[in-house]
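Encoded as structure tokens, here's the structure I'll be asking about.
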Amino acid sequence: MRKALLYLLLGLASLVTVVPLLYMLSLSLQTEAETLSANAVLVPETPQWGNYAELFTRAPFGNFIVNSLVVASAITLAHLVFDPLVGYAFAKFRFPLRNTLFVALLATLMVPFFVRMIPLYVLMANMGWLNTYQGLITPFLMDAFGIFLMRQFIQPIPDDLISAARIDGASELRIYWSVILPQTRPALAVLGLFTFVFQWNEFLWPLVATTTPEMRTIPVGLTLFNQEYFTLWHLTAAGSVILFVPTAVLFILTQRYFVRGIALTGLK
Amino acid sequence: MRPRTLSGRYARTAYLFLLPAILFFAAFFYLPIGNVVATGFRTGPQADQWTGLGNYTQALADPAVQHSFLVTVVFAVLVVIGSIVLGLALAMAIDQPLKGRVAFRVLLLVPYLTSVAIVGLLWRNILDPELGVLNRVLGAAGLPEQQWLNTAPLLTIAAVTLWQSVGYTMVLFLAGLQGIPETYHEAAKIDGADAWRRFWRITLPLLAPTTLFVSVMAVISGLQAFGQAYIITNGGPGDATDLSVFHIFNVAFRSRDFGYSSAQSVLLLIVIVAFTLVQLRAGRRGEVQY
Amino acid sequence: MSPQLSRRDLLRLAGAAAAVPVLSSCAGAPSAPSAAPGTFTVYWNAGHDYQAYRAVIAEFEQANKVKVNLQKYQWPDLRTRLLADFASGTVPDLVEEPGGWVQEFAISGNARSLQDYVDRDGQAMGFPSDWQPVTVERNSYQGKVYGVQLHLTCNTLLYNKTMLADAGVEVPTTWEEFLDAARKLTKDGVYGVALNQDHTYVWPWLVQAGVTPYDPKTGEIMAPMADAVEALQFQADLIHKHKVAPVPVSSTDYSGPQKLFSARRAAMILTGPWDLEPIRKTSPDLDLGVAPPLKHKVQATQAAGVSMFVPAKAARPDLSWDFIKRITTLQVELAATKETGMLMPRVSWAELPDVRSKEAIKVFADALPEARDSSQQVRLTGQLGKWEEQLKVMYQQVLIQNQPAAEALRKFAETAGGFLK
């Protein structure tokens, strides 16, 4: 009886989360007339798989995908390199100004991106990095969330492990590399997934930092499927489905680590 | 020069590890933020005329700024309470030994993987009272039709926000629950405590760090919510969903008053930092050590 | 046991730090093309990429030996982008704008005066003599031309002929007839009319009521106030009192009324030519009627439509001007109209046989001389952004939230009076 109730609750909740996304899938397979119709269509009469092909003929959608993959992967890689290193320093070392620096770091989470955008844009323009991959990637190489997360993960690792390695004569970088990092593998999976999802969906920076259609990422490229006064829903939805696939695949691949990864966090 | 003491050497190592981060944050965060602070003292479409504290006094007296702040606080409270209650309830349900719990976990988290923009477009499309698919379904089922975007706009965009993020909160709570040793519950059972008492006396206190983390993050993101108003409601009807960050964005990019928008961002930054510090302090006091 | 980093460690660390940017720059990213000498960058609306314009661009590229980089955006995104460009100084060669930005950027010094080119070529190309006067005025500042109108649109009445005939209703020409028609047409799940959630759709009503939005000489706002109240309350009453129109929903989308009209769930809508194409696409067999703007105190409507301007720091204004000339010839205007049904600013366009022969376009074309630009006086104060924001709030409070128009307008005038001084 109690189990049945639980199944009911979880089943209903899952329906609420999934059905709207299925509706997006349905939209992506409708004709333009069906999406524009005032009597919303639930299931298309004949699925229009051609909508997906149309994305590629109406815009350099292949470029969008490649750009998104390059940018989001490079940023994710950078986070995996830097965030644990900095998090490790905050978690396991004592040094002057440590708390001040940490609070200053957290404060960067509290400024909306667009507030920084114009100064950042001027900086990138002066460096001649507009419309380049390095211009899209560099401003996001690390962030406070990732460092905070990694610090929380590394804190519970016993200090004895580190001291023992020091006695064995290992260099500090070696300790980080072969003692600390292997312990944080689940955390890295979490960090990688969050970072990738976030960057994959980023809109504002690729919008201003690219100057040719060929350099746009998927979220910015999708705006091409809006007309001045109405949205080409079938194409927007098809693009959204494509946008969704890589993050979903990445999530299914990492979800095993996911709960365990977060469970290890000190969360203090 | 080599530092003499051991602690000096560790500090040097730490700073070497931190060096890339210090350079990076200086260039891409503090320099631009410093620029924003400086812009807050200027006015005009090019933000090139000095006005001292003019933008700040104007912002503090501006009814639209006050209204948008109020809207934002209500929104953040709804999202924070919703995330904690729903996230915890779902986590406790999914923590039971059920078949298919992995599937539920995946299904509940899936909306979190999509962008706020797409979620916004999708829900706007679904909820439209005349054209949306929801009323079509409700009508077919013989149920009364909804006009939530007009009758309860703020609540509706808070609900959409929760729809997207509740799976994420649930996973965090689930992790917290799995960290509570089974022995505590068993001991309490032997003492004759019922499920309700066990929840209040054991589960909730031991989850305090998770709850604190969830609420801090929810407050930070709730106070900075933007896409919901930008995509779904355009701040309306009237000014009912004129969230602060959306308001500031419009001052900057629609009205092109970067001085005024910068001053408002600085004020908002101060508010968020204050909220967070209060939360952290309260959370630390509320934490129970076992 | 040394706590220091060995030199090799340091090298490795530096290598890791450098790896990402190096990798990415190896990936063959092209360098910024706006700086490239052979590229001509144009910011354009994503909905205006017409075949007719593609042909012009091809000719332009050939004649000037440049490659045109057509950057397509939605209006809000285009603006975000442009303001960032103005801040950094790397600007495009030509910008299409949705109406009103030309004067704004002329005031702020970001737009280049085109008066020297107009003095030189104006006679030959028919500028300003062949442009509807309203389009020249709204693109000038302190007696100088800063922009050239590309499309000129206006709002008028679209109706479903079959529904009107079935209900035995004549095509309305005044507000009273309009209300009467809407009442008779509202039945069986069909609304007599659908109003837009977007506040710019208020202007036809206000100008028909004889309201002057802002008079810089007297400082009066929405005068005569009683007429402005009447105009707003009239719309709200259609929705809340007479229940002949659905409650609109606030969003960034303008297509709600058109969709209801296309689905035969609204018999009349007040809109511009941009809705013709979606209606034709979704309901090709709908018997569409287009009627002149309604008359109340006066017969009038709102002018809208896009223009082009050249940023002040654009490097090759000669080329930019050449682009403007090529894309505004009468032949191109006609080709674009044939392709999309868009309305054009040339007086001679409105007299073309091809325009006169299409019923829907002819009615619009005839309404153009009655079209006014309502926000011009506010724009010239440099406070348009705040004005629009307040207007949106007031409009939705009255139409959606059913607040009394008199009170909402009084509050609006008070606030606007504060920043317009």
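Just so it is clear, A, B and C label the chains in written order, and each chain counts residues from 1 on its own.
Note that a contact is a pair of C-beta atoms (placed from the backbone, for glycine too) under 8 Å apart; a residue touches a chain by one contact, two chains touch by 3 or more.
No experiment lies behind these values; they were computed from the predicted model shown.
*Asks:* Graph of touching chains, which shape: line, ring, star, complete, other?
*Replies:* Here the contact pattern is complete, since every chain touches every other one.
*Asks:* Using the touch rule from the top, work out which pair, A-C or B-C, shares more C-beta pairs.
*Replies:* Per the contact counts, A-C leads.
*Asks:* Could you please state the distance in Å, as a whole number, between where the Cα atoms of chain A are centred and where those of chain B are centred?
*Replies:* 16
*Asks:* Averaging over Cα atoms per chain, report the distance between chain B and chain C in Å.
*Replies:* It comes to 35 Å between the two C-alpha centres.
*Asks:* Show the residues in chain A shared as contacts by 2 or more other chains, in ascending order.
*Replies:* 38-39, 82, 118, 138, 141, 172, 231
*Asks:* Two or more other chains in contact with one residue: find those residues in chain C.
*Replies:* Answer for chain C, listing residues that touch two or more other chains: 3-5, 10, 13, 17, 80, 83, 253, 259-260, 265.
*Asks:* Going through chain B residue by residue, note those that touch at least 2 other chains and give them in order.
*Replies:* Touching at least two other chains: 10, 13, 20, 130-131, 252-253.
*Asks:* What residues of chain C sit close enough to touch chain A in their complex?
*Replies:* Spelled out, the residues of chain C in touch with chain A are 1-6, 9-10, 12-13, 16-17, 19-21, 23-25, 27, 29-35, 41, 45-48, 69-75, 77, 80-81, 83-84, 87-90, 253-255, 258-260, 262-263, 265, 274-275, 278, 281-282.
*Asks:* Spell out the part of chain A that touches chain B in their complex, as residue ranges.
*Replies:* 3, 6-7, 9-10, 13-14, 16-18, 20-21, 23-24, 27, 38-40, 42, 82, 85-86, 88-89, 93-96, 98, 101, 105-112, 114-116, 118-120, 123, 138-139, 141-142, 147, 172, 176, 197, 200-201, 203, 219, 231, 233, 236, 240, 243-244, 247-248, 251-252, 255, 258-263, 265-268
*Asks:* In the complex, go through chain C and note every residue touching chain B.
*Replies:* Checking each residue of chain C against chain B gives 3-5, 10, 13, 17, 76, 79-80, 83, 86, 104, 107-110, 194, 197, 246-247, 249-253, 256, 259-260, 265, 382, 385-386, 388-389, 392-394, 396-397, 400-401.
*Asks:* What residues of chain A sit close enough to touch chain C in their complex?
*Replies:* 32-33, 36-39, 70, 74, 77-78, 81-82, 117-118, 121-122, 125-126, 128-134, 137-138, 141, 166-169, 171-174, 204, 207-208, 211-215, 223-231
*Asks:* Please output the residues of chain B touching chain C within their complex, sorted ascending.
*Replies:* Checking each residue of chain B against chain C gives 2, 6, 9-10, 12-13, 16, 20, 45-46, 64, 124, 128-131, 147, 149-150, 153, 230-242, 250-257.
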